[in-house]
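Chain IDs A, B, C and D follow the sequence of writing; residue 1 opens each chain.
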Amino acid sequence: MASTVTSAELEAWLRAAAVELAAHADELTALDSAIGDADHGTNMARGFAAVIEKLDAASGGEPTVPALLKSVGMTLVSKVGGASGSLYGTLFLDMAKASPAEDALTLAQAADVVAAGVAGVVGRGHAVVGDKTMIDAWEPAVTALQDAAASGASAADAFAAAAAAAAQGRDATEPLIARKGRASYLGERSAGHIDPGAASTTILLDTLARVTAESASDGKSA
Amino acid sequence: MKKLINAPDAVLADALRGVAAAHPELAVDHENRLVVSTAPREGRVALISGGGSGHEPLHSGFVGVGMLDAACAGEIFTSPTPDQMLAAAQAVDTGAGVLFIVKNYTGDVLNFEMAAELAADEGIQTASVVVADDVAVQDSTWTAGRRGVGTTVIVEKIAGAAAAEGKSLVDVAAIADKVSRAGRSMGVALTSCTLPAVGHPSFDLPDDEMEVGVGIHGEPGRKRVPLESAHDIAHDIVSAITDDLDFTGAPVIALLSGLGGTPLIELYVIYADIAAALAERGIEIARVLVGDYITSLDMAGCSLTLVKADDELLRLWDAPVNTTALRWGV
Amino acid sequence: MKKLINAPDAVLADALRGVAAAHPELAVDHENRLVVSTAPREGRVALISGGGSGHEPLHSGFVGVGMLDAACAGEIFTSPTPDQMLAAAQAVDTGAGVLFIVKNYTGDVLNFEMAAELAADEGIQTASVVVADDVAVQDSTWTAGRRGVGTTVIVEKIAGAAAAEGKSLVDVAAIADKVSRAGRSMGVALTSCTLPAVGHPSFDLPDDEMEVGVGIHGEPGRKRVPLESAHDIAHDIVSAITDDLDFTGAPVIALLSGLGGTPLIELYVIYADIAAALAERGIEIARVLVGDYITSLDMAGCSLTLVKADDELLRLWDAPVNTTALRWGV
Amino acid sequence: MASTVTSAELEAWLRAAAVELAAHADELTALDSAIGDADHGTNMARGFAAVIEKLDAASGGEPTVPALLKSVGMTLVSKVGGASGSLYGTLFLDMAKASPAEDALTLAQAADVVAAGVAGVVGRGHAVVGDKTMIDAWEPAVTALQDAAASGASAADAFAAAAAAAAQGRDATEPLIARKGRASYLGERSAGHIDPGAASTTILLDTLARVTAESASDGKSA
């Protein structure tokens, strides 16, 4: 039962996430149409396509975890734009900063790294849970991840728990009145819609859970 | 969707090629998506703005003598990125520092913030002014605050004149901030805009309704109401603006902008009613622009901006400017 | 129909009120529907143009220093009347005579003809130049000939500069005529326009089709074809224009005008392709304007105008102009 | 059997024509949409509304025929605009010039007056029959009117013949390719549509026939 995450797994995650985000781009944009400016799906798809390009272009061996995360963060910052570009960019850049220069992280380290990334997002965007942003998905995900790591769960189970918590957080944004980001301009009219950034967060974590589960079963079957 | 484009994801790059072809006096950095003035800067403060594309002529149309030194173009309705802004700062900084003129959208604010950090790392001094003038949005320190709209144009013009006079970064930023605080805007949409990448209107607006207080990205406004006459719309938006700030007792700079899909003749029709509504309230319009200055792709509608000025601001407003969208005195 | 208006039959009067309110430097004669320059004329030839409304900024946006002395505004898409033109001539004639700049539509031609007769009765000397530059229409002496479109703007600018230099009526008319003969235009509509008095689009254009060679009143063009990319449209209209007149070997003035409902970003997208198509043909663009200059209410689309110039015409083009829609050098 | 036309009858005609043109404005504009610029109905309705205003404002007794015709011509010239404004204006102004300064015209005089007006339209617009313009209705109407006058018909019958000839001329414009006016820009695409000016001409003559017939029967019954 693997309780580590390797950079190879992270790379597999990013590649799978790019596919998922492209597949869900219209859905994310539709959410952003309702309470934003109809570009979140396009932004995320464009950003992650650039991440894949960067991965494909990278020569040499597997990078360390922080090198990989930093490269992703830089790419997102320079290719996504909008609020999500700087926020997802900050997430990855701050995860990179918190990560030991290794090829793999223990689950406990991974939990701390994600927590550091999310703290970076909060530091930049000043959102708290209940503001109807991606933080509503990330905060419970971090808690679930840290709890799972502390209880000795496998990486796959831990990320599954994080993804489930994110999904709950995402759904919980629906009735909320936005206090941050573009949706806040709507005041009460923002209620009744799911936050697009919380939805893309959940896609990222769902994919991470799936990829680590696949990798765990590959490991077992191998 | 009917647009003069080649492909949704090529719109920005193609438009920048068009700007470069039409205006040899501008330097276009296609890699970084920058439009840069080639006019000499001679040790003065440089001005940079930028934002999502789709609001043309904002910002590239305001690059040139007496206004912006560079504009950073984001994807359609998406803030540009910090590396673009850094490249712009590196291109135009003379050592006197750079003022970032930022419209108050989370994306723009965060990306310009990151750019300021990167610029500081490179030894470039920056200051920022954030424009948040849209009275359609409730102001609050608990939220993202108000959107930045038409006052941005007036900030860019007046700060540009201040920089041209050789004022320091602190002083240029202070003037920009003063204009920004003195401005209020409100827009009305008769139709939605259509993003090229989306292909259908961002929101449904029945044939007999309009959106009052719409955002320049198609963000819903204060209310959706039955389509009104130009006279009633004029009174609505003038009331909303003047309820928010007292514009009497000072010369006012007015900007009536089309949103991209509304022809000039309609802007003049409603300007007649706006001028009457302002006169009724004893507000003195000292300067006025009517035309497309800050748009929302192909949206039909208009937005009104008022800035409370004084002799100093009027003097800077009247100073020579030579950009593709605003030109006088030169 | 979604328009910023008060009533279909009030559009023109309201718009003129708006022009008057926005531009105190223009004299608006509401009774005769004239927009008149208040700049001194000092014994020189005066320029008058006019036409149906709905093409703004044409013509009122080109009234001022170095361009028109007066513009006569007709009802939407309807030529103004001889009495308006006579009133304009009486308002601006200095004794040096008046040049009428006429777009080649039967209504405009006949009404300006009657106006010239009336002016002669009043002892005012007039000359006329008729612009007929739309290559979408087969040229023939057996028909009304070609429509007058974008070249009109360039005639007004260059003839205005010639008049400002104190040239005689004969000479100003000769220069206007030279420009008129050297200009060719072609337009493309992505959507129909909607006349306020009609309330629905003038023609049906399916969602996936466009009208190539459309007229500025919504007159059908050469053909209706499936919607093309900006690149293909650019090549189509450049071919149509350059097949009609050889534009190589001389500096060319280009005007890319939006038709009223198309935003600037799209104009730049297609201008990139137009510039490339012209370069391929070895045509040298010496001067260019991109924006809304001659529109068709809220129609989406654009029109391209090329005028074959020479050093003299470029010098007159570059001369100072100060109107609400075109300004430089002052 | 009246074979004169009085200025009172002409005034009754103009008032009735204003009503008819307003009633048919959309129809005329629809014709003009197909091959022109969608304003002929609006133009004619506006022009004749102004004529009525002028008639209403006129004080004093019944004007002479030429005074009435001239006032109508001036009003149309200054209120209609477009091609039809100068052409219908010229029609009435040139009819006025050809008219003896009387309160009534004989039918023969009336036929000559109309012929002179139509000659004026031709002089200004240079259209010939077959160019798909109002001339296609006016020319046969003039011929019919002159024939009827020569054969001693009543005014009502003569104008009915003129109106019928105009209607035929109007219908004959349908297959034609326009060679004058805005429709000529369409080339072959102008075929298959009735010319709006020929249609408004027919409305004017129809109304004249009706008004003179009513006045004749009033005269009989009186």
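Operating definition for what follows: a residue touches a chain if its C-beta (ideal position, glycine included) is under 8 Å from a C-beta of that chain, and two chains touch if they have at least 3 such contacts.
Note that the structure is predicted; figures quoted are calculated from it, not measured.
Participant: Would you pick out the chains that touch chain A and also touch chain D?
Facilitator: none
Participant: Taking each chain's centre as the mean of its CA atoms, how far is chain A from chain B in angstrom?
Facilitator: Inter-chain centre distance comes to 33 Å.
Participant: Between chain A and chain C, what's the gap in Å when you average each chain's C-alpha atoms?
Facilitator: 55
Participant: When the C-alpha atoms of chain B and chain C are each averaged to a single point, how far apart are the two points in Å?
Facilitator: 29
Participant: Can you pull out the residues of chain D that are in contact with at least two other chains?
Facilitator: none
Participant: Can you tell me which residues of chain C touch two or more of the remaining chains?
Facilitator: None at all.
Participant: What's the contact topology between the chains, one of line, ring, star, complete, other?
Facilitator: line
Participant: For this structure, give each pair of chains that are touching.
Facilitator: A-B, B-C, C-D
Participant: Please output the residues of chain C touching chain D within their complex, sorted ascending.
Facilitator: 9, 52, 74-84, 105-107, 110-111, 113-114, 134, 136-138, 142-144, 146-147, 195, 197-198, 202-203, 215, 217-220
Participant: Could you list, by residue number, the parts of chain B that touch chain C in their complex?
Facilitator: The touching residues are 2-7, 11, 14-22, 53-54, 56-57, 61, 190-191, 207, 210, 227, 229-231, 233, 256, 260-273, 275-276, 288, 290, 292, 295, 297-298, 300-302, 322, 327-330.
Participant: Would you tell me which residues of chain A are touching chain B in their complex?
Facilitator: 29, 33, 35-39, 42-43, 46, 77-87, 89-90, 124-125, 178-182, 184-187, 189
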